[in-house]
Amino acid sequence: MGLDLLLQNILNPPVLMFMLGLLAVLLKTELEIPQPLPKLFSLYLLIAIGLHGGYELSKSGLTLDVLKVLLLAILMAIAVPIYAFFILRLKLDVYNAVAIAATYGSISAVTFITAGSFLNSLGQSYGGYMIAAMTLMESPAIIIGLILLSLFAKRNSNSQIEWKEVFRESFLNPSVYILMGTLLIGFITGEKGWKAMEPLFGTLFKGMLAFFLLDMGIVAGRRLGEIKKVGTFLVAFGILLPIFNASLAIALAKLFGLSKGDAFMFSVLCASASYIAVPAAMRLSVPEANPSLYVTMSLAITFPFNIAVGIPLYYFLIDQLWG
Amino acid sequence: MEPMKKVEVVIDSVHLNKVLEILEKQGVSGYTVIRDVWGKGERGIMAGDELTDVFKNSYIFTVCTEEVAKRVAESLRPLLSKVGGVCIISDVLWLVH
Amino acid sequence: MGLDLLLQNILNPPVLMFMLGLLAVLLKTELEIPQPLPKLFSLYLLIAIGLHGGYELSKSGLTLDVLKVLLLAILMAIAVPIYAFFILRLKLDVYNAVAIAATYGSISAVTFITAGSFLNSLGQSYGGYMIAAMTLMESPAIIIGLILLSLFAKRNSNSQIEWKEVFRESFLNPSVYILMGTLLIGFITGEKGWKAMEPLFGTLFKGMLAFFLLDMGIVAGRRLGEIKKVGTFLVAFGILLPIFNASLAIALAKLFGLSKGDAFMFSVLCASASYIAVPAAMRLSVPEANPSLYVTMSLAITFPFNIAVGIPLYYFLIDQLWG
Amino acid sequence: MEPMKKVEVVIDSVHLNKVLEILEKQGVSGYTVIRDVWGKGERGIMAGDELTDVFKNSYIFTVCTEEVAKRVAESLRPLLSKVGGVCIISDVLWLVH
Amino acid sequence: MEPMKKVEVVIDSVHLNKVLEILEKQGVSGYTVIRDVWGKGERGIMAGDELTDVFKNSYIFTVCTEEVAKRVAESLRPLLSKVGGVCIISDVLWLVH
Amino acid sequence: MGLDLLLQNILNPPVLMFMLGLLAVLLKTELEIPQPLPKLFSLYLLIAIGLHGGYELSKSGLTLDVLKVLLLAILMAIAVPIYAFFILRLKLDVYNAVAIAATYGSISAVTFITAGSFLNSLGQSYGGYMIAAMTLMESPAIIIGLILLSLFAKRNSNSQIEWKEVFRESFLNPSVYILMGTLLIGFITGEKGWKAMEPLFGTLFKGMLAFFLLDMGIVAGRRLGEIKKVGTFLVAFGILLPIFNASLAIALAKLFGLSKGDAFMFSVLCASASYIAVPAAMRLSVPEANPSLYVTMSLAITFPFNIAVGIPLYYFLIDQLWG
């Protein structure tokens, strides 16, 4: 694969900041970014891509291509957790299989954002509707996971799933909500609105991403220690499944004739795993599953892999097909 | 000063609301909550992970009469045995005002 | 009233962000902006308007018009809590009447700021000395309130008012202090100083306001539930008094020949109610009053009303008179 | 280990200083404070409102001799009955070092 | 409900890890920690200075059997007498689940 | 000394913000900037100068001059704590002498940064390698201090120094680590990287500094009360030693032919005292020393002195010699 691409990706302040954070933990420095600063950054990033995506949409409008992308997004959001579950069942009990499957069925906004700034640095772009696609892909996996659970797990009465709760939790979790909301605001206020918001939510974007990735590195680093507990099977799973998901996404993207940029962002979405929305939901609804499995896999294995290797890799593949 | 019982609970923060519901149901006159405590127990270390919010505990205490305390303890047991956490009861004197 | 004005106001990212926050609570999403982030934003906004106002003052200088405005400001800051008190006494005990009267006698900086960015979006402006006026209007209501209290409430000895404490609390509360201080700094450092501060405290202003209003929406939303406890009389009071205050302010402004922009900002100041400085003081000095009355009214009724309807309404009235 | 009393107080944060003054006045050897606790009691829910800081409690505890504890409790009563809050006293053993 | 001991420690946060090591070494089944408490004692006021982080305490409590509690107390004494802090022990009932 | 220089320095928003913070405490306002906001600002400032310094280095490259500066830096970082210790021993016990000596042997990044923006406002600049010099000067004092301790203090067995711990603590303390890391990132990513980071970490710099100095003023103000406890000897020490250090630094700088800007920044580094890294290390390794001595001296005496008087003073001296 194009080594230049790999370097092109890694030799970027944001990615290097991520590694700086990782290293900080490995070297046992006491560097930390205490709450609620990480919340400030993640909130900022969500609002920023929401507003910008909405503004882009207000220019492009809702074309048929958009619908195509959104459909593909939902399709994958339903398919991934299902096949992931059955793969995981080969080695794991139902509870952990469900939790991990749901984690990989959903997406990571920060991976998406980092991929976006990588695409940018190559002088290319993607449609604002990809933000909508991302939003649509965040929640279904939770529902699918719990359906699988109620199908395959024999639980005693006092641990019935409260479906109403679950649906609210899934479709109204903060990140989904803020993304949808700002997408709408960006769409409504269009050019004028964006001009007013751009200095904060546009111009500073890359710097804030770098700042946040420093924290992501620290958080991921803290989990590194637990990888051994995770075991080879799950480590392999945490790397191979994303590659598989991305490849599948690329194939579909080609089949449905997505643009190069959109195809890339779509593949990144499918390859990424959730470390906030889904874990939160799983802790509540599947306490039998072990968080240090699914959180560690998503944060300490898949996220770093995607940031460092996955992003250029998927782009490389797409570059071959789209040219 | 009236003799009362102090019931203390430490539990994963996601289940805080369940605990409060139980307290209300058993009719305590009030409670106090400290969010964001961390600790270690059977389920390993719970050192609030800034990002994911997983692994974070809450500390709740309520001052109530002995039999309310008993009822609270009983109705907490199933929850605790499912999701972990601790519950302790001790004697206190309550300043009536 | 000009519907276009209403839309012009609402279809702005900041106001929409406020509604997004409100809705987040109504939909029971777990969206929250934890402390001390709100403090960061409010501090930023205070410093920003302080520095900018001071810079503007350094250009315009202290003219007679300025003194006129400041006098009007103090006048209203004294008058409003007095007549508000007697209106409230029709239905409430002395303690709650005092607390609510003081709340409405003081001002809300964020309402003022939002009005300012609305004025901006209409391509108009106001004098930097309006910031000074705002600062002067924050504290007197507290003193007036406590004077009314000592006149009309018969309290037992152990709850004597500690006047020294009260004066410090009122005139040196953080927001008053930071506004006066940065106003002075902006004035002293003038052009050169502002050039250095503008990138952070000027260019990013609208974005930060939008970010903060998202939080204001959440906080206001949390109180919405308590409106029923407040009762029709106080709900009506929370909407009608601001309109009355604004109208009175407009009349005075016309009488004293204020400029259009200044008149508008002045009317907004009189219409707004405090939800930080005054409640803090009331909790300390009037514990008998029920905070969920005065906080709810100011945050969940008057603030949203002013942000969404009041601002364009007052502007509309002024537009009629100034043309 | 010396037998002592532990006095715990939960009160609206605006009145924290008043409580500390009382403790000092009664001559406790020290105290520990946890800011930003929340809870529920006669006066309804106190769930620290990020913006206005209204509805936020503080938790204070002090370890002292029995009669100091008594004096503290007595001098706290008027404050608590005016602004609310709770005060409880319990037995502890103090590690002398 | 099993009778147990509750051991509470307040100490300058820089020494928190030392305390936790001691608890582990004495084989407690778990512990709970509240960071960022402040207070006053022999060494004067410890009101967490936002910038330097000096003058900030941590509060730790562990529930354990009487003899573990004794051992913990003994092994804490030298540390406390060197760097200050308090340690108190009280009786509690532990809800077995 | 050039009064104009003094004013030139003081009449700057950042310095005035510092005084505003100080005054806030003296006037007993309740103004505060709660954690972790100060951490956000200090982290921001460290990252910003790190990235920018690295970028500058990538342009200038590692010349012989650079090595010269770095050597001087290490030299002073070793010399200062030693002679400071023996001066302090005249009045203090070993423990406090060690702690204070280490405090003054190390540096204060914020003083350095403020000096930098002062230099800027005079239209001059310094080499990016000065950041590296600063980084090198942060830790040695801690080691020297503990060596002095083990030489001169007779301690009982249970308080042996854990050297391994100490070295990690010193050379991997968060600020040293983040500075080295971002310096490297800035160096590697060069022009392209800086362009992406500049909007956040360059353009906003002065504003953020002003914001942070407001907090520094508050924190320093809180310590002012303890100055009387510190005693005349230590107060004098806290002002005279910096002046002496700076003069020595200037002499060396002249001797080794440093550029004017570098000489100034170097003198400021030597004159400044640590209030984060060293106090943290001392509390851990020298609990016998009284923090309210060394923290108060560094924060409430030396820092304000340098910010207000030292910076223009050192510049004045240099101006005489370099012309």
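Going by the order they are written in, the chains are A, B, C, D, E and F; count residues from 1 in each one.
The rule we apply is simple: a contact is a pair of C-beta atoms (placed from the backbone, for glycine too) under 8 Å apart; a residue touches a chain by one contact, two chains touch by 3 or more.
Owing to the predicted nature of the structure, the values given are computational and were not obtained by experimental measurement.
Asks: What is the set of chains touching both subunit B and subunit F?
Replies: For subunit B paired with subunit F, the chains in contact with each are A, E, in label order.
Asks: Tell me, which chains sit next to both subunit A and subunit E?
Replies: B, F
Asks: When contacts are scored as defined above, which chain pair ends up with more C-beta pairs, C-D or C-F?
Replies: So, comparing the two chain pairs, more contacts are at C-F.
Asks: How many angstrom lie between the centres of subunit B and subunit D, each centre taken as the mean Cα position?
Replies: The separation of the two C-alpha centroids amounts to 19 Å.
Asks: What whole-number Å value describes the gap between the mean CA coordinates of subunit D and subunit F?
Replies: That gives a centre separation of 40 Å.
Asks: What is the distance, in whole Å, between the centres of subunit A and subunit B, each centre taken as the mean of its C-alpha atoms?
Replies: 35
Asks: What are the residues of subunit F that contact at least two other chains?
Replies: 32-37, 40, 204
Asks: Find every residue in subunit D that makes contact with two or more other chains and list them.
Replies: As it turns out, subunit D has residues touching two or more other chains at 34, 90-91.
Asks: Every touching chain pair, please?
Replies: Pairwise, the chains that meet the contact rule are A-B, A-C, A-F, B-D, B-E, C-D, C-F, D-E, E-F.
Asks: Spell out the part of subunit A that touches subunit F in their complex, as residue ranges.
Replies: Touching subunit F: residues 11-13, 16-17, 20, 23-24, 27-37, 40, 121, 203-204, 206-208, 210-211, 214 of subunit A.
Asks: Applying the document's contact rule, which stretches of subunit B touch subunit D when the two form their complex?
Replies: 1, 4, 6, 29-35, 63, 90-95, 97
Asks: Quick one: which bits of subunit B touch subunit A in the complex? Just the residue numbers, please.
Replies: 12, 14-15, 44, 48-55, 78, 82-83
Asks: Which residues of subunit A touch subunit B in the complex?
Replies: Contact set of subunit A toward subunit B: 32-35, 37-38, 42, 158-159, 215-216, 219, 222, 275-276, 279-280, 283-284, 287, 291-292, 295, 299.
Asks: Quick check on the complex: what are the subunit B residues that touch subunit E?
Replies: 8, 10, 34, 37-42, 57, 59, 73, 76-77, 80-81, 86-91
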